[in-house]
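Letters A, B, C and D name the chains as they come in the text, with residue numbers starting at 1 for each one.
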Amino acid sequence: MLKVFICGGSGYAGGELLRILSQHPEVVVAGVTSEKSAGKSVTDLFPHLHKYSYLRYEPLRREKIADRADLFFMALPHAESQEAVNFLFQKGRKVIDLSADYRLRDAGTYEKWYKVPHRFPATLKKAVYGLPEIYRNRIQRSRLIANPGCYPTGAILGLLPALREKLIDVTSIVIDSKSGTSGAGRRSEAVFSFCEVNEGFKAYAIGTHRHTPEIEQELSLLYRAGITVNFTPHLLPVDRGILTTIYAPLVKKVTTEEALKIYRDAYEKEPFVRVFEYGSYPNIKNVRGTNFCEIGLKINERTDTLIMVTAIDNLVKGASGQAIHNMNIMMGFDERTALDSLALFP
Amino acid sequence: MLKVFICGGSGYAGGELLRILSQHPEVVVAGVTSEKSAGKSVTDLFPHLHKYSYLRYEPLRREKIADRADLFFMALPHAESQEAVNFLFQKGRKVIDLSADYRLRDAGTYEKWYKVPHRFPATLKKAVYGLPEIYRNRIQRSRLIANPGCYPTGAILGLLPALREKLIDVTSIVIDSKSGTSGAGRRSEAVFSFCEVNEGFKAYAIGTHRHTPEIEQELSLLYRAGITVNFTPHLLPVDRGILTTIYAPLVKKVTTEEALKIYRDAYEKEPFVRVFEYGSYPNIKNVRGTNFCEIGLKINERTDTLIMVTAIDNLVKGASGQAIHNMNIMMGFDERTALDSLALFP
Amino acid sequence: MLKVFICGGSGYAGGELLRILSQHPEVVVAGVTSEKSAGKSVTDLFPHLHKYSYLRYEPLRREKIADRADLFFMALPHAESQEAVNFLFQKGRKVIDLSADYRLRDAGTYEKWYKVPHRFPATLKKAVYGLPEIYRNRIQRSRLIANPGCYPTGAILGLLPALREKLIDVTSIVIDSKSGTSGAGRRSEAVFSFCEVNEGFKAYAIGTHRHTPEIEQELSLLYRAGITVNFTPHLLPVDRGILTTIYAPLVKKVTTEEALKIYRDAYEKEPFVRVFEYGSYPNIKNVRGTNFCEIGLKINERTDTLIMVTAIDNLVKGASGQAIHNMNIMMGFDERTALDSLALFP
Amino acid sequence: MLKVFICGGSGYAGGELLRILSQHPEVVVAGVTSEKSAGKSVTDLFPHLHKYSYLRYEPLRREKIADRADLFFMALPHAESQEAVNFLFQKGRKVIDLSADYRLRDAGTYEKWYKVPHRFPATLKKAVYGLPEIYRNRIQRSRLIANPGCYPTGAILGLLPALREKLIDVTSIVIDSKSGTSGAGRRSEAVFSFCEVNEGFKAYAIGTHRHTPEIEQELSLLYRAGITVNFTPHLLPVDRGILTTIYAPLVKKVTTEEALKIYRDAYEKEPFVRVFEYGSYPNIKNVRGTNFCEIGLKINERTDTLIMVTAIDNLVKGASGQAIHNMNIMMGFDERTALDSLALFP
């Protein structure tokens, strides 16, 4: 049995790791940390996780925990993750970091968007961006995974085949994303209280969201040239799910059917990407609780534009499910293990 | 007192006309039609409209009703509206048509998108597109108003100043709209049932929605050149509201502050358009139940793109409120009459 | 024009007072207080209240504000209201207190449930419980109104005719209430955040909710004998509305129709209570944004039980609307002023 | 591998059977029927069930299907189920009927509430009411299971220990239930459309709901004397979940702690019932997607009343999960098989 540890287990990503791992036959959860909730049991914070009634939050004492597990899931806030990740990695442990701290290859870009310097550039170089659809082989051989952000996951998977096949003009890509409220984390802020979010809908952080450089980094690597995008996140009054609608002018003449074939071919062997038939588009409700990314697309022939729509569950494929997928790859488990259930609908 | 009649009063737009008119001191509702609900009282269908307990639905007998009112609100399904509008207009009545039948100036375009021919091209020529922010003067002098569609209202108002000032490249405008479910009407279809819509979010009719030619017609007239757009509607799990996020590359160098000033100047005298300060963007929740269109914008300097966000209540500014605004203009009432209340929040 | 002042205007009840008063032709808002938000403008906290863009929150300096208005709405937290109410009342002002501080006639009961002593028993004696359907005459002559709680309003109006007519056994009344989340106020607590409330439903404070003694006081006065009740509140994933389902064994043989007639007679002259027809029951959605209390009832003949259902908007009839109704009565305005609009549906 | 067949697989209960069975290692789905959707694939109706892309709906030809499976789940509408169940049972098959047709032991009671006669009284006598917490032993030996209704499951489990221990006066039990909208099935009726249900809450079928005799039958059997109850269902604006609040006067002097111990003892060995600690009450959100029934209780000492609150997922413990639990018992599988996952939260 693989012993895993969760650092930062009191938020939604931590809760979701526990939920999914409860179905994993090869894994045992050795411990879970939280500074604020140290001493409390997991079920105090998450009554639905009653299988973990034996588990109590403890403070993150890095020396103390390093020997208690083989693999560490880090679900700490951005910037707080840097040091603990570095320590555990240096200790020879496997680390999957759900924060943004090891996602941006360029420490300067990290500092520019996250307003703190990166103090472990050597470790940063070892990190592999944990999007299996691009980096499966490297993930397999790596001990440090930077688990992708929720918005980047939906955006990158939506554009990957189009960029590889050079179908689109990359100078004016529009990525219009709509995320469920769990994406904001488990918060005690009036702005995320029920009465403020319910029956509402708004854009936020237009042009300034921190997932922008992460999206641009990966798109640029795919395209082998620098890409800058318009990325606008919106807040949906639902618990879970991100729908991303992407627009890019075509540079090749292809039909919707041909574009769909390109997408299907690109993802043919992927266990967690599903490309839809002509005329069908995804709905976040159909991926709720699952690790799937569902993709539909359409070419608007009146404007010669490729329009892609992707749907994921931000807490699963956009966070904890993808982290466990990465673990499965790293450990040589069947990739689908614990991630094989169908969506809860309705 | 102005006598008004509502043809097609059993849907949400009809109910909303009645709700708003109940606050109008100059208007009396002389009758309301519904084929399916003929004989029933208004409160059978809409218990919340208890002030109208005296009112029963009757079938639309055009000869019988023509003399019973001075102004007719037509909230019939598309294509069904053509003939009744023509008849009442020819009889010398004032008509405000909430259907799409008299919105498209070109009968051929109408037939192409609505799959039925337009049988009254002479009457069509008399119709004025009822967006007061553009056509106030013509509305004042007209007897036939084609009340704008919900999506076009939010899209056009978001682009109007940018087009007039030639700020943007019009060849790749993206209009990404998200609408509350009441936009689909009062339906008995499983696809709009609670459990299908709730906690879901999806795009639909990508590149094919019938509001596309209406948007393009008005943008082209504003710009004095043909414009084709990418318009994608999405279905939000809320009752009311449309948020529209619009992207267009800049062709002039302006700052966000300068663009905001252009917008503020353009709408300075408009009673129902509010342009936000720098860094503020609208939320559909703040316009719920009101006739306001709220606008925020941002220039993404990394991509030289103007990003506009507009919020309206699809049933008010996007339908019945705008219809009553048009009536106020036609009749010389204070434009704000019955439309002056603040949003219901939360 | 009547000058009014709002003490504690940063919560939902304060926002709702402002929203409704914006429709009142006889009233001008002279000021609004908030300790935490002093210096901010009303629209910083409530963008939807843009008509009040001139108004800034100020700290509650009782001496400074006493002369600036004729009537004070107090929307302060329980216990904090005591002193300010007493001061303004002693200064000769009219006061409508939305807190619980002056609702319980017995200071000992107050202390027992609210865990603080009542320091102004003389002023407490002057307070009139502001439920117009019972105390209209006294309200008219009073300068100090204790505005009823949200749950008590729905519970008392549901039982009033049955108690007056001695229809029911009062020893085992069950009051099962379900409230929208705005009833908890504008909170920054994780437990009221969107993802915790949405798609959830739970009971809370079973047998211990502070509205219990208020309900019992008024029922006992109506019945002229002591009544103890089972009162269970529940949290609904909606913004607004309280539905209360009440059960009491019959002691008289009456039919549903006869009971409905008793209710209709009791409320015949009430502008804001609507008794439904046989077989119809209220829905909170139909009273949203209104000051109405809607009532349906049924006699279960298999168990000889009277089952009453009432619906109100907790922020209107359950708080700010009822406060304005009380103001209208005190000032001799038409009772319906500013409270006459129909529900926002859907 | 056990071959199972689903008759009536186009509704939410059918979809949920398929979702859960996809996790069952001992079962293969041999076919699924639907009259209206015959010829369509399962994924046409339920895109989230993509593992069943090979499966198409077929009409229910009883002779044709009888030999294709060992066990039949019947999710047909009430009254339509009678004959098919009888046929398959007579053919020697195992049958689990999710309709109400074989739940009421007395054919006269069935006819009174369901308005159709029961045509197979001999088969009816063989049916076992499929609530494992009461009838586990009989279920094990039976070939015909009448799977309990959603409301009865939550009501009976909430009262079982109190009735067995004779804690309560049974003459005035109040059962106040609140159900998510999926309980109404997959409907094409305006009354269940999103805009009608969302932000609403109402009681319905007061004193007349068809689950009443089912609840009364089982409570009476537990108590060994006839019990009549007040049962009021309400419609919650959530997808899933039933919260039931139950009130009964105490006839024994017990404390909340003592009552909790009685409940804990009663359910100690039950894999799917969880009794909470003092002061904790269930929330439907914490059982979403699971087969658990969670129970909290409180004795109101001011009124000597026992107040019980139970939460289930109406589609799982209230329908398809319980059906699969029954199958597991009948077949000798581990009872938890395929039912062991934790709730999807948030």
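Note that a contact is a pair of C-beta atoms (placed from the backbone, for glycine too) under 8 Å apart; a residue touches a chain by one contact, two chains touch by 3 or more.
Model, not experiment: these values are computed from the prediction.
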Chain of greatest Cα-centre distance to chain D: B
Pair with more cross-chain C-beta pairs in contact, given A-B and B-C: A-B
Chain A-chain B separation of Cα centroids, rounded to whole Å: 38
CA centroid of chain B to CA centroid of chain D, Å: 46
Chain centre separation (chain B, chain C; CA means) in Å: 37
For chain B, residues that touch 2 or more chains besides their own: 12, 182, 195-196, 198-199, 237-240, 283, 285-286, 288, 346
Touching residues (chain side chain B, partner chain C) in the complex: 12, 15, 19, 22-23, 46-51, 182, 199, 239-240, 274, 280, 283, 285-290, 340-346
Chain D residues within the chain B interface of the complex: 12, 181-182, 186-190, 192-199, 237-239
Chain A residues within the chain B interface of the complex: 172, 174, 176, 178, 195-196, 198-204, 206-207, 228-230, 232, 234, 236-241, 243, 245, 247, 249, 281-286, 288, 296, 298-303, 305, 307, 309, 311, 346
